[in-house]
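What follows is chain A paired twice: with chain B in the first complex and chain C in the second.
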Partner chain A sequence: MEHKRTAIILAVIWSIVAILPLFFGSTNFIMHILIICLIWSVVASCWDLIMGFAGIFSFGQVAFFVIGAYSSAIISARAGIPPIFAVFMAGIISGLLGVLVGIPCLKLKGAYIALVTFAVHMILEPMLKGDIGRFIGTGGSRGILTIEPMNIFGYAFTNSHPIPYFYLILFVAVICSAIIWLVIRSHWGAAFLALKDAEDFATCLGVSAFKYKLMVFALTSFLTGMIGGFYAHYVGMLSTRMLGIDLFVTLMVILVIGGVGKFPGAVIGAFITVAINEMLSPLGSYRPIILGAMVVILVLLLPDGIIGLIQKLVAKREPMVSPLRNNQP
Partner chain B sequence: MLTEIIDVIISGMINGSVYALMAVGLTLIYGVSKAFNFAYGSFYSMGGYLAFLVFGFAFLHNYLIVFCLAAPILFFFGYIIEKLLVAPLRKRDDWEVKVMMITLGMALFLDNSFQVVFGARMKSLPSILEGSFEAGEFILSYQDVVIFILSISGILTFRWFLNNTRTGMSVRAVAQNPAGAQIVGIPKEFVFSATFAISTVMVGMGGILLAQKYFVTPDGGWDILVKSWVITAFGGMGSIKGSLYAAFIVGMLEAFVGWQFGMTWTLIALFAVLLTTLVIRPQGLMGKRG
Partner chain C sequence: MLKLRNVTKKFGELTAVNNLSFEVSQGQVFGIAGPNGAGKSTLYNLISGLYSFEGSILFNNKDISGLQPHKIAKLGISRTFQIPQTFPSLTIEKSIGVGNYFGSRDGFEPSYVDRIIDFVNLTDKRKKLTGQLNLLDKKMLMIGAALATKPAILMLDEPMAGSNAKEIKSLMELIKRINQDMGITIIIIEHFMKVLTELTERLLIIETGTEICCGDPVEVTSDPRVIECYLGDSHD
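Now for the complex of A and B:
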């Protein structure tokens, strides 16, 4: 029932989003914001999958996004591969790196995983800016200034006509959320939940922590890296500024608003958060302060996000707290 | 060459001693309450900015006054933060991730508040003690000596506090077994808040000490957060002795890597140390398994 409801919510969201260009199609600015919303919704959904469902405190999602963006830009520029394939190769690179990061995390618990993944995030900036980065072609601290725009079989997507690209990204986002939905619905999802709620018990029942944890690392970093590639070819320039804490917290706001572990929530959260962010942008340097305060207040007041709030309002039919978990310190 | 190496060793020792102070604070808070504090680095910057503020008043030009003012302010701040933000989350099932989120939001809030209030430019603090000891080419500034002595004595005081006072013993009891500690009448909630506050004081002191050598910047704390965490994980969670050794090793490593390969490599070297530790000896140098 739960999964069916998720699917219905997703279908409703995506069909509403799909008709939005009818109203805003003439304003490039709004279309641009919508594209960004779609991109963040994918990244946030992936983060939700790994953190909310699998219970792995991965804080490297932005890092994988940036890795994907950079690798797609470099692959398409250096090897002359068309962007649409470069994007997939970037996804594969991110996925492999995700597995590489995931391996040491397998033995670790809780905050240690957060440390390792966050350290990946932290060292990415000196890597990209330093000699290694310049050798690969990241352009050092200047960043990559010209990235080939996306084109499929000769049809080029340009920034001045964002509607085709909007539908392309929408298509990708729908595919990604369908994948995530399928994963949650399948026995993988059950395994994730079991591992999160009672790892020892689940392992005793034969759920392989090794297999499923690596799988979720690979899948989420693949999808994140791929959407990072789409982002790179859309905005046309990249710099290490994306690795600042600002974007990181924006993604976190998306998760907090949507609700951690409440899957379609991240998609809704992305739209709300990006809209709030845009509204706050005239405030200049006060915007991050408000964003930070918002995280604090929302975590305290709205701990399960919008979806949790709706669930609470609608009915208390199913107990939300799993009886196996007893985490009280 | 030789004097250079000695210089590098000294700088490693000084940084290591301050890192030890901050890592001990972090190991304390994680060991006792299992809360991951993402705003730890912001508290570090806060210490530096507090000192800067105090030095803004002409008649307060003294580090003694700075420490006397900053310590209670930081303690109070940490206590309030724990009571208001972290404590209400403890009742929840998924409080660990919620605490990470809330502290991350707080870090963004604090960093950008610093930026708005003090500006994005680096702030420098006067040296705690002018002058230096010179022997030929070899120079040892008194500032370094004072920083070293202060941070080491800070750690020793803290150790004495943990081992010899009643509050310290109750902190250790809660770290070992929260439920058991509560049964014998130790106020668990108070201990959680107090440890959070103490760790805030420790990292803030570290900020004041290091700010004289480096600078105070709004987002300078992130390095410190990662370094403290690496040291804590490397030394073993909950082991003060382990953190002490690990901090000196990391300080040395950082100094040598920075000297030989440039500062951009230090974080990468730290990450390598972290991964090696976690793969070979997940409990850290001196930590207990489990």
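Now for the complex of A and C:
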């Protein structure tokens, strides 16, 4: 029932999003915002899968996104591989790096995993800017200034005509959310939750912590890296600025607003957060302060985010079960 | 069926299990008792693969020392925990399904999951999240999830703790049915001597990780060394 409800919510969200170009298609700026919303919704959903469902406090999601973006840009430029294949290769590279980062995390818990994964985030910027980065084609401090636009069967998706790219990214976001939904409702999802709730008991029931934790690292970093590739071919240029605190905080806000472990909350959170961010833009340097205050208030009022609120409202409508029934042996 | 040979576990300077050797036969109900801190739960953690140790443990003549917990579960050794461990994010049905899907050598069998849910008397609550359950139901759920792995040996860690007389009686009946109807070998850690003398065929008493005595439960419970380790010196 819960999974059916999630599927219905997802179907409603994507249906609404799909018709938005009818209203905003003539305004490139809004279409650009919507594309960014779709991209962040994938990254945040992946982060939610690893952190909210699997209970692994990975802070490496932005790093995997950037790795995917740079990998796809470099692969398409240096090896001459069409961008549509380059993004998949970028996903595989991110996925493999995700597994490499995941291995030392298997022996760690909670905040220590956050430290290790955030260390990956921290070392990425000097690596991309330094000699190693320049050698593989990151452009060092300057970044990559020209990235081939996405091209499928001879049709070029340029950011000057955002509607086709919007539908391409929407298609990718729908596929990614369907994959996440399938994983959550499958026995894999049950294994992730079981390991999060009671790891010792789960392993004593036959769940391999090694296999399923690495699996979640691989899957989330693959999808994040792949959408990073789509981002690179959309914006056409990359720099290490993405590794600054802005994107990291934005994604966190998306998770908080949507509800941690409340998929598809991250999808809803992405649209709300980006919309609020844009609406607050006239406030200039006061914007982050207002946004921060909003997060504090939301955490206090809605600890489970928008989806948590919807669940509470639905639960109130459903008939109450007598507490006495629960005490019968 | 299960043989422990010179099993020792040290945590730094502390020896939690000291050179312990015993054997459990197929179909037996084997009891383990001892004062708090005797190393009983640590012993379960060694058998189920949660901790590394010195010595060896053989299960059906296969050395399982050093195997990971999920592999030991798949071989047929399942367990419950002293403090009930459940999966609050999952329903009863899903929790028991986890045991069957990941732990059973026969693969996932929804009909078997249904049977187990019925066996542990949780049918009317099967769609409930496990975080909403009371203590007895949580224990039943742990036993159910462990049974869903189709174990050859089920290790129960203080299943009667915190239960009233009526609950103890129903839990004892359940354990008898698991042993007799399902043919599963039981190892049970318990503080209630009445439960141990009624249920078990052999009883091992340990103190500070060392064996005090092992044998017939009635004889063991009247052994002066056992009385001393529980109550101090006898004064009769």
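Please note the rule applied: the second predicted complex is superposed on the first by the 315 of 329 C-alpha atoms of A that agree within 3 Å, B and C clash if a C-alpha of one lies under 4 Å from a C-alpha of the other, contacts with A are read in each partner's own complex, and residues count from 1 in each chain.
In the analysis below, contacts are C-beta pairs under 8 Å (C-beta built on N, C-alpha and C of every residue); 3 or more make two chains touch, one makes a residue touch a chain.
Worth saying up front: this structure is predicted, and the values here are computed from it rather than measured.
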Simultaneous placement of chain C and chain B on chain A, clash or fit: fit
Chain B versus chain C, judged by how many residues of chain A each one touches: B
First, second, both or neither for A:205, with chain B first and chain C second: second
Partner chain in contact with A:239 - chain B first, chain C second, else both or neither: neither
Touched partner set for A:191, first chain B, second chain C, both or neither: second
Partner chain(s) touched by A:141 [first = chain B, second = chain C, both, neither]: neither
Minimum C-alpha spacing, chains overlaid - chain B and chain C, in Å: 8
Touching both chain B and chain C, residues of chain A: 261, 325, 327, 329
Complex contacts: residues of chain A adjacent to chain B: 51, 57, 59, 104, 107-108, 110-112, 114-116, 118-120, 122-123, 126-127, 129-130, 245-246, 248-249, 252-253, 255-256, 260-261, 285-286, 288-289, 291-296, 299-300, 303, 321-322, 325, 327-329
Contact footprint of chain C on chain A as seen in their complex: 1, 187, 190-191, 193-194, 196-198, 200-210, 261, 325-327, 329
Footprint of chain A on chain C - complex, ascending: 48-50, 68-70, 72-74, 78-79, 81, 85-90, 94-95, 97-99, 101-104, 108, 121, 124-125, 127-128, 132-134, 136-137, 142, 145-146, 148-149, 166-167, 170
Chain A contact footprint on chain B (complex, rising order): 30, 33-34, 36, 85, 88-98, 100-102, 104-113, 115-116, 178, 219, 222-223, 226, 229-230, 233, 264-265, 267-268, 270-271, 274-275, 278-279, 282
